[in-house]
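Below you'll find a set of structures to go through.
Here subunit A shows up in two complexes: once beside subunit B, once beside subunit C.
The block that comes next holds the complex of A and B.
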């Protein structure tokens, strides 16, 4: 029951972020999305008695829900990001497009869900989150929301890892975290250079 | 111990990149040469050789790919010594380029030697992220834009690969548990996978991610644009090393997919690569500068390697892979000199070379240009003979023989379009345009000589025997 609630919340935070037109609010929704993901990892880890997943859940909360949003806000202030980020897709089209994506992905993942033990619908939610994150990247002109779209995509993949496989090996999870931090370092460098240009 | 030796040159490079002493840059190619010692040792060891438990295992395939990539790395570091003579680059950016090059090298070593899908992905992601900054070393608006494009499109491609890996892992976890991440165990138990559809879906998604990274349909131009915007050694690294790491992943995944359902694998890859070569051949026909021309030709050759591999022509695919990995970086590194009088001046690009160094340069570049279109005795001539032979053999065994033979003929027509374009460009470079003096430096010439020697070594009987022994 708890997992059902949080997985719904995961999807909801992503959908809300698709309509957001302010950068700080978008960062906040990404943080909420990561927070829910961390709680989901903790709940699943506890249910499966999987210590590795519990550690990953804590790492998600610390790195993705707190660390990365803090860094992004910091970058935003340091490099003077544009904070008015109006999505390119108009709201009335997005209202039609988002449910269409959800229905399509549930239909698309239907043959897979029969093959996965346990919470089959969660896989469909993970795949739809992946598509919605792609939409988030596509609907914005500026770099900062595109980065959040990329980070949300990582969250969707992480959710897929939890739900479809009952957790990836610890080594892989930590590797993904490391790569994410490396991505932040590279982004920081790119923004530095952008400032030098202007 | 062996793993430490393999990673040590990259670590030394990383440390040296912090030294502000100008002569320190001469240490960088030496450190890259040092990687040859552990690789030679690795060749002598009995395979498979566990480097780090079951996570990193050296077999005949990855040892070959590691050797090829390292030789390309050595060539690139040599050419980098004279980068500032051809383009405007600050000492700080140059040092930072090397810092990320070292990280790139570590990522690639991990990817190439990985016997674990997760580690393969981590290595590939590390290599992808480190190249972002290398693109940005060129301080232009175009390079800045392309660095972001690479960051975003590369992230999507790599996410697709991870998505596919998760599905493949999920399909085999019921029988293998956490070991379902290991390539060797997956291959051994491929026929027992309880949900083959799930595995195939994962494979297809991961393959699309890898193909996008290599510039296949529908992303045919993104790599060419990035390579055009960045400094020429970056393009050499992409074509000679990064694509090697991507393609070894495809080799590993497809070996398992072949056991699951060969007909599905072949059909999917055949249609995809045919579509890619169809588009790329027309893009090559319209290419107006060296970087885009070589980049698009790289996409064509990677598509051929993939096609030969799934057709059962393992030897042809690996020979073609080796030849492409040496030829393309050699050509990309030559563009530093070829474009020294302007980016879009193809006519007369092979004229105006004086002295022994100049003469040797234009002869080598001519040979590379003719070798890339598979004129004998290029290794590509032999690989295409064997590769198309393998395709015809597969067609004969198939229920759709006539359609497949038709498709192969169509493919040959497309390749002849590319052949025609390259010959026309070569003639324009050699016989048209004004003769303007161009300078060739010893280090870049040395890099080209290394690539020429490597190509010749590929034709040795001992190389053929080794490649044939890889199954």
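The block that comes next holds the complex of A and C.
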């Protein structure tokens, strides 16, 4: 019951973030998304009695729900990002597009779900959130929301990892975290360069 | 039967209180001196004593419409799910009937706005038609998917079934339906992201624009209708999406239900304080989100069974 509820919340935060047109609001929704993801990791870790997953859950909460949004907000203040980010895809089309993606992925993942024991629908939700974060990257013109789209795509992959496979090896997950942090640092340098040029 | 009529009476009596409560919470959060929680009743008695003046251009509709705005909503009050276990309820009324009755009430409200032949009234009516047309599909979809989870098309029966067997296996689609219904609650009652109930600014008016030209008893009736509409939506939300506490005895169950209503009112007040009003042409975006969530709730239920 709890896991179902949080998986719904995960998808809901992602869909709402597709409709936002302000950068700080988008960062807030990303943070909510990661928060739900962390809680999900903790819940499944507790259910599987997997200590490594508990650690990754706490790391998710600390890094993705608090750290990265804080850093992004700092950057956006430092480098004067464009904060009014109107999606390029009009909302009227998005209303048609999002359910279409969801129906498509739900049916797409149906053959896979027979192979997975446990909760098959989590796979469907995580694949559809992968597609939705792709849409988030596509529908924005500026860099900052594209980065958030990339980050939420990573969230979706993480969800797929913890729900479908019963937990990736912890080393891999921690590696992904450090990758993300590195990406953020590299982005920082990139923006710094851009700042100097202009 | 006693519980049935008692619930309806309590809901009717508490209707103006709930809107005043929202206003009070808002004023408190904005560091203003809050109005009394009983302001709704005071306004009602003041308007009842006032002289009723009707515009020169107005036809018979202005004299008839206020009653026709209120009466469909009063009928809906009788169809709501029960508050306590074992109470009488109407089981055969489905989402389409309730949506239709709400639209009937809205239709007469729009006629009333047009009838006074002022520029404001017509503008308000056209805006209301715009919003109402977008609310209805989402409303039907949402209540439909909730009925699907409850296993019965009747709204009253669905409330009872949900209280008896909470859909633990369908939490995801339940959550989506709840989000969608909450957006509809805000949109249909003209709360802040859609319409500002407190100003008389030309740009922000929807509901206020339509009732600008009426006074006295008619205004009292229309305002009562607005509060009854809010209580219908709030109690539908409480009995469909917060279905617990029905097994207690009658006084406790009613108190618990009222606590739920006030909780919903507090959430609405918090949203009103923390968001800015949307531009009118941005309203379809908000309602589009509601439609997406309603649809999502249906397909998650069907395809994934979650």
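What we mean here is this: the second predicted complex is superposed on the first by the 198 of 198 C-alpha atoms of A that agree within 3 Å, B and C clash if a C-alpha of one lies under 4 Å from a C-alpha of the other, contacts with A are read in each partner's own complex, and residues count from 1 in each chain.
Note that in this section contacts are C-beta pairs under 8 Å (C-beta built on N, C-alpha and C of every residue); 3 or more make two chains touch, one makes a residue touch a chain.
Everything numeric here is computed off the predicted structure, so don't read it as measured data.
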item	value
Which of subunit B and subunit C A:92 touches, first, second, both or neither	second
Subunit B versus subunit C as contact partner of A:137, first or second or both or neither	first
A:104 touches, of subunit B and subunit C: first, second, both or neither?	neither
Which of subunit B and subunit C A:172 touches, first, second, both or neither	first
Which superposed partner A:189 touches (first subunit B, second subunit C, both, neither)	first
Subunit B versus subunit C as contact partner of A:112, first or second or both or neither	first
Comparing the two partners subunit B and subunit C, which touches a greater set of residues in subunit A	B
Interface residues of subunit A shared between complexes with subunit B and subunit C	none
In the complex, subunit A residues that touch subunit B	111-112, 115-117, 130, 134, 137, 143, 146, 150, 153-154, 157, 160-161, 164-166, 168-169, 171-172, 175-176, 178-179, 182-183, 186-187, 189-190, 193-194, 196-197
In the complex, subunit B residues that touch subunit A	55, 103, 116, 118-119, 121-122, 125-126, 129-130, 132-133, 136, 139, 141, 144, 147-148, 151-152, 155-156, 159, 162-163, 166-167, 169-171, 173-174, 178, 181, 194-195, 197-198, 201
Subunit A residues within the subunit C interface of the complex	1-2, 4-5, 7-9, 11-12, 15-16, 19, 91-92, 94-95, 98-99, 102-103, 106-107, 110, 120-121, 124-125
Footprint of subunit A on subunit C - complex, ascending	168-176, 179, 284-285, 288-289, 291-293, 295-296, 299-300, 303-306
